[in-house]
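Both complexes below contain subunit A, partnered by subunit B and then by subunit C.
On to the complex of A and B.
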């Protein structure tokens, strides 16, 4: 449990109290500086390039124009891709939570030793690169060596088939990438749920399923929303999986942005697409967040 | 993205890495050889002997082969040590060069640029011009490999590579002899073609169905070609972006074949994958890279010596054997065996990359291609 329990903040809190308001501000200055350097400044540069005139080079041709934004809006492929990316990320988030939630619940009911083993296993999959995982899926779904051969061997299929590229392959790979995050976000909260609550429900006659949906799920509302948001963000920025395992109609915005930036060398258009997409993603995350804090 | 040689995971690379020397040992060897050459020829020693040159080629297999086989031979011949620098194939590479040149940094003296990138770099004023008088061997190259501009020459051909019709010989029978087989309705959902506006399928379609690449100079012409490519959609299973994706698909029978690199296909065949690289009667697509010297580089004499060396028959033979590149000079001037020649090239006249049209219309080609695929 020590693996994932939140850090002990009481000493930090005492330090802040002792150093008073001024000291507290200084402590907060550090993250602010880091945020400024690594997020705000690059974002301002992105904004700047997005309003530059189209042209080859890091800054386009300089100048100020909204032409790139207009071009992005008028580009059907881009608009379609925004919608597709959002839907894809939402589906990935929902599947991941549907699979990850009961899985995490099952882990918390295990012995301490088994819990550690499972958590180490889940953490290990996070250490693999996204590219490696995607290519592994490509091989796993392939005709010559893929899982369809296993099904043939088991007598469930007549002959091996190729299972990618298609939408199912993209979804499978993305869910695989997102599930470790789901487990790690849900585990701390879920492991603190008092088992007596479920027992009480059971003694009062609730079925296991009813206990799960009326006791466990409502308690976990906060982590579930955090989890959905995180899965959504990982899914919406996916790049390698749709490119390798998908067909062109499954290309996400990230792929279009990289195409505009590298193949067409149109940095202003790529930046404008990034800014627009960031706006869409932010609005959606804000909605998910509001859903999370609203009291029932 | 067009020639992501660094993504190759073929056994040839692995073997060559194992067999080949490390960069450091090459450098060391180069320095020793350089010193030896300087000692041996005290009176006729050229002014550059014992100096060095930073040369970049596409990172991965290419760079390893160059630093294992080509640079040591050059150092032996001239006494100039070469520091090998891996070069990104991303078009963003030019932007990095632009930034470096603004900052006065010299990441490398000479780099190997595909034709379309050479032209883009020219627009950004990144290149120095060469004095051809000091590079006599450049006359061995056909004219199209020497980039003449009013102020001189800013690119001299380095090496070429073919995109061919690569198919699985066990499942595709009889073997097609024309690119038109890509459009044959009997091959539904079968091929893997390179995707995007950078794909050579544009040149192939234009030459095979319209007999010319001139169409690509106008947007109307590009629309016609793209419409013809759209007819391929039912037959294409995989629109590949990274060549590693196509390699995996070929190795696992996920596609029957498609457009792919001749040199990688030979490596794969050598490793037991049942693929064969075909030169259709209309020709394979040949693209080539040129040696371009950065404007900020100060190593004029060394660069001249390097380029003069790579234009020799000896160097071109070495490249054909060890890098797997297509020789740029006339076959009659070289001592390649028929097998060595067939491994990298073909006597069928090639389809050329429409570099000028691409420079002018690349952005439009890319948009039209993406629209066609997603539409």
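On to the complex of A and C.
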């Protein structure tokens, strides 16, 4: 029997390699330019302003000094606010995952039709702006028309009360904002889990709860970490919700920075606060990320 | 009774009846195969036994105790799934030890038992490996070891070998059978592969349209299929539409054919279906009063010769070993004879 000799592919391979390299370079150049214009240059400007001397101009009074950084460090309100923002973001992230994870799991167990309905519903809430949602919460928690009236009507409460401003209101609103993202991040991975995995665990003697915690949660480790990081970032950068629904002690760093920039007109201080806060947030994100990449 | 007993179990999804009043029993230590085409309800039946589906009607008994309403995790039946469902976040040892971990905290005993199971599946020392680093056959074995870890009274297998290539599948079939004989536990295997069922089972349960079509020892079913569905599904066969002529005689067109027993339900003059296996069809050069026909296709694979013969519009297949008389060529005129004892007359 004669074998047909395989066609000579080496020339083609070389061609693909060459153009692939070339294409790869250009493909990467485009996002690099975009990143440069919209991220690197503004950040460099921020760094520059943060070491300028305090003053009313956009660049302060120019020159080079670390005075703004020192001022930020010595400002108790700023330091308290950094700690508060981090804790607030962590709590928001944990509540969102604790609520969003079982919710997403429940969606993946539903029929295709029900899944689509729920996902469309979740996506719909994303089309509302953060500001709108925040004010809606304010109305909902108000004394005259809010949910406390409903509780009174149900006989669970003696008289209507105002449920904002307080920390609970801030948390509720932030969790509401974050949960759609949580569901969207978890859904693809969760819907790919073979339902036979859970069934196998059940046949081996695991209760439904045990199956959930020993099989489903560990398999979803990666997406869970992504989710925690994302909700943490949304929470730590929150601005409208703490301002509208919180008291001054619930103000996040974002609010302080905005006050420094607009009310005090101190651009170097606002920039220095931003840089410091960015550093803190980056370190925490890095820690969360490292927690996620444990090898089996 | 010691073993599993299934009593008139049914399962319906809205208006569709998937399993229809099925009853049978699996004595302790027996290997039973559910055999049938896809969609015949065999997997649903297995899932009901495991407790993963609740029967719409009927009861399940284990050693005389009603287990119909018992949740899955309390039944303690081992199960090997079609997708194997090995846990990707656990290594081989943790996969196998999963059921043990749920029961006791003694890590040392658990490790010993896992190593014992790895010995049993002839893969010692791979406990530390990731599941993703295993070959198809190894995964298969690990899934079986995992299901055996809790020492189940019954092991349920849902088409476990369907993802393996033909050679490996046959090896695994022999292996699981040996394992079953060694451990003396009951096994129920679901398959659509009649060869697999014939290799493994003490008892085959042929299922079709949600009902048991026939139940019995593999060779019994092969030789005495109770209806045309079973005859057509188990092995290959030739069907001839015949008319009953008298005791042991049927008429096919203008030829009278001698057959074995005819079911009592069929009386003289009634229509029936004659089923005869290819290996029971003998070929000759003609002129001996047999059924005449023209050869249309010959498949000579060395060990056996398969000859397709066109008998006035009906194709009949004959299978003979190559040591027998010289093989005919395409378009030869031949005459066919059926071994009377091997001819089954079935109700149409």
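Keep in mind that, in the parts below, the second predicted complex is superposed on the first by the 277 of 296 C-alpha atoms of A that agree within 3 Å, B and C clash if a C-alpha of one lies under 4 Å from a C-alpha of the other, contacts with A are read in each partner's own complex, and residues count from 1 in each chain.
By our rule, a contact is a pair of C-beta atoms (placed from the backbone, for glycine too) under 8 Å apart; a residue touches a chain by one contact, two chains touch by 3 or more.
Every value quoted in this text rests on a predicted model; they were computed, and no experiment measured them.
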Exercise. Would you mind checking whether subunit B and subunit C clash or fit side by side on subunit A after the superposition?
Key: fit
Quiz item: So, does A:144 touch the first partner subunit B, the second partner subunit C, both, or neither?
Solution: first
Exercise. With both structures superposed, pick whichever of subunit B and subunit C touches the larger number of subunit A residues.
Key: B
Exercise. Considering only the touch criterion stated at the top, classify A:192 as touching first (subunit B), second (subunit C), both, or neither.
Key: neither
Practice problem: Classify the contacts of A:290 with the two partner chains as first (subunit B alone), second (subunit C alone), both, or neither. | Solution: neither
Practice problem: Determine, under the contact definition given at the top, whether A:201 touches first (subunit B), second (subunit C), both, or neither. | Solution: second
Practice problem: Answer with first, second, both or neither: which of subunit B and subunit C does A:244 touch in the superposed model? | Solution: first
Quiz item: Is A:76 contacted by the first partner subunit B, the second partner subunit C, both or neither?
Solution: first
Quiz item: After superposition on the shared chain, which partner residues are touched by A:259: those of subunit B (first), subunit C (second), both, or neither?
Solution: first
Quiz item: In Å, how small is the closest CA gap from subunit B to subunit C once the two complexes are overlaid?
Solution: 47
Quiz item: Residue overlap on subunit A between the subunit B contact set and the subunit C contact set?
Solution: none
Self-check item: subunit A to subunit C touching residues, read off their complex
Solution: 194, 196-197, 199-207, 210, 214-215, 218-219, 221, 296
Quiz prompt | subunit A to subunit B touching residues, read off their complex | solution = 56-58, 75-77, 80-81, 135, 138-139, 142-146, 162, 164-165, 243-244, 247-249, 251, 256, 259-266
Quiz item: Which residues, counting only subunit C, touch subunit A once they are in their complex?
Solution: 50-52, 72-79, 81-83, 85, 87-91, 98-99, 102-103, 130, 146-147, 149-150, 156
Practice problem: Name, in rising order, each residue of subunit B that touches subunit A in their complex. | Solution: 1, 90-92, 95, 98-99, 120, 123-124, 195-198, 237-239, 241-242, 244-245, 248-249, 251-254, 362-363, 366-367, 370-371, 373-375
